[in-house]
Amino acid sequence: MTSGLWELVLKGVWVTVQLLVCSALLGAVVSFVVGVARTHRLWIVRFLAGVYTEVFRGTSALVMIFWVYFVLPVAFGWQLVPLWAGTLALGLTYGAYGSEIVRGALNAVDPAQKEGGIALSFTPWQRLRLILLPQAVPEMIPPFSNLLVELLKGTALVSIMGMGDLAFSGNLVRLALQESAEIYTIVLLIYFVIAFVLTRGMRGLERKLKAGTGKPVGGTPDQELDRPQTTGVGGAVA
Amino acid sequence: MPTDTLPNPGTNPEKNPDRSTGELIRLEQVTKQFGSNTVLDHLDFSVDAGKHVTLIGPSGSGKTTILRLLMTLLKPDEGTITVDGQQLFPASDKQVREVRKKIGMVFQQFNLFPNMTVLRNITEAPVTVLGMSKDEAVERAKGLLDMVGLADKCDAHPAQLSGGQQQRVAIARALAMRPQVLLLDEVTSALDPELVAGVLDVLRDIARSTDITMLCVTHEMNFARDISDQVLMFDSGRIIESGSPEKIFSDPELDRTREFLSAVL
Amino acid sequence: MKWDWSAVSGFMPHLWDGLLVTVQILALGSLISFALGLVWALLMRVPSRWVTWPVGVVTEFVRNTPLLVQLFFLFYVLPEWGLTFSALTTGVFAIGLHYSTYTMQVYRAGIEAVPVGQWEAATALNLPLHRTWSAVILPQAVRRVVPALGNYVISMLKDTPMVMAITVLEMLGQARLYSQEHFQFTEPLTVIGVAFIVISYLASLALRALERRLAH
């Protein structure tokens, strides 16, 4: 491979990383807003948040991307630059999965903790901010770590729309070299390294968040069996 | 530690002119059902300010339910509950929170917040709910921790403490809100036997040296005898007998009460 | 926003064609992932690092890299090596392989959830190893495993559109083709978006019912 082609690959890596960061941020916001809304005491709020989750989890991320690229501009006149279109489609879709993680972790906090908060006259918002979230967030990290890797893999989908991410630059190099094995192996390895870094980073974060609360890091086999349902592209059963 | 140096949350009635006297809590015709099981059956009773009332009776007789109703952790199916002149159910969220500020509760399972240090468990609510300055809250919290004998545990997390220590922190946390009423829900039931005495000593101190109204559900009959002004005997969601501790423990009127006491004493 | 019902009715025959392909991919991909995942899970229990280490690395690699790039790899590289398959076959195999790295985790958890006492009882009865697995451990593990496997079938459904990138005309491929021929994007893409939501919702209801039956 020539240095020009390597440059192409590196540009692709940069686009993938940008897209990953932006859609992860949007996805995190969606996860927490929708996830918290699903534990709201008003049924209508819970219902609407539930509809959001079912709809965005029900559809395919790639179909969502097509929709944002082709239908939004025609139907609503929103012509988004590719990075934002990708961010929107991925953030909304993966945020729906994330909302399940947030809801599950909030519901897993001992109800007695909520009662402790009531007995001290905290408002619902104070209970959420001071008691529930600080206890729930460390539990969310392992499933969120899995979801982040799923999101990384999902970013490759924008290459189908012609956005110059890592997968797309792989295709360009294949066309230039008329040879596939080497470039796709390199591309896959780069994705693997990024995923590895993300997983390690999240594990460090989990350790940091759990420090002092006396909770173990890592799950039991039983939790392991539940995990697919709350993470990634897995669960559809509420 | 001599009693007169206790940093009491509200010892002197003179210093708390807004502190009520006379009837503080009133339950009228309160009924609570869980499914088809009637836990409280048209219950009436009231508690005067400053009194220490102990609720005894077999488990499932509705004692804990009363505390949880007063703390607004549960809603009654029928009847009215009034605390310091304010009716609960129905009441606005804001009114309910105002009432909650007057009531502290210590739970069987402590319910300390594991994500906070011991000190912050105690200071968080005074700062965020009562708007106390952080410095003042910390100073008072340290005084309270001193009182419960855990001055050196400020920076520990609850998971690092024994059950008895956690429960003493929970008592300090409740007192930090300067409640008029303290609800004690089987506070020693989850403790290893050797840790019970330390917790009860703290509570005896509080009963002796403050004017806080106490409602106490307990199986510790000696403790109940020591601190109570009045003992209520519950059975099947009703108060079947009430009176001074001397009378209830030495000379109860009903066989049912006698049976129960001989089983637990 | 303009909505043209005639575009919807014009697209419907293509939707059915695409749905048929989607279902094929899903059915065959599921079977491959179930079988291959079990193979991985059992290999990971072989008491030799020479087996577990390579299997662990390969499956970890496949799980943590994009299915789309794996599709490209298989579609473009295999012919270079002299192995030529149809695009559909390649797509089915890629999806099956990718998801087998998830199902192996499900099997592993299911196997580990079988109480130790079951192994001890099998040993005490002097059962040979293959009988211990086939008669004692796996039947108990499978019951625990079915709901989680079902969840992966549903996620697989949502990944099937990716095979359009290697020219297979499943639902999304049909929609794109129709859109480009008729310059009408809104209707076909919205129709298949709704189709995915409906199918995966129905599938999750069916799975919940299955879970309830298995619980008895």
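For clarity, chains are labelled A, B and C in written order, and residue numbers in each chain start from 1.
Please note the rule applied: contacts are C-beta pairs under 8 Å (C-beta built on N, C-alpha and C of every residue); 3 or more make two chains touch, one makes a residue touch a chain.
Not measured: the values here are computed from a predicted model.
Asks: Among all chains, which one's averaged Cα position is nearest the averaged Cα position of every protein chain shown?
Replies: Located nearest the centre of all protein C-alpha atoms is chain A.
Asks: Going by the average position of its CA atoms, which chain sits the greatest distance from chain B?
Replies: It is C whose centre lies farthest from that of chain B.
Asks: Between what two chains do the most C-beta pairs come into contact?
Replies: That would be the chain pair A-C.
Asks: Could you grab the centroid distance between chain B and chain C? Build each centroid from C-alpha atoms only and quote it in angstrom.
Replies: 56
Asks: Quick check: how many Å separate the C-alpha centres of chain A and chain C?
Replies: 20
Asks: Just curious, how far off is chain B from chain A if you go by their C-alpha centres, in Å?
Replies: Comparing mean C-alpha positions, chain B is 45 Å from chain A.
Asks: If we count contacts the way the header does, which residues on chain A are in touch with chain C in the complex?
Replies: 54-55, 57-64, 66-67, 70-71, 74-76, 149, 152-157, 159-160, 167, 170-171, 174, 179-181, 184-185, 187-188, 191-192, 195-196, 199, 221-222, 224-225, 228-229, 232-238
Asks: Touching residues of chain C toward chain A in the complex: what are they?
Replies: 1-2, 61, 64-70, 72-73, 76-77, 80-81, 102, 105-106, 108-110, 112-113, 144, 147-148, 150-152, 154-155, 157-162, 164-165, 172, 175-176, 179, 185-186, 189-190, 192-193, 196-198, 200-201, 203-204, 207-208, 211
Asks: Which bits of chain B are touching chain A when the two form their complex?
Replies: 71-73, 97, 100-101, 103-105, 107, 109, 111-116, 124-125, 128-129, 157, 159-160, 173-174, 177
Asks: Where on chain A is chain B touching in the complex?
Replies: Contact set of chain A toward chain B: 112-113, 115-123, 126, 130-131, 134-135, 212-215.
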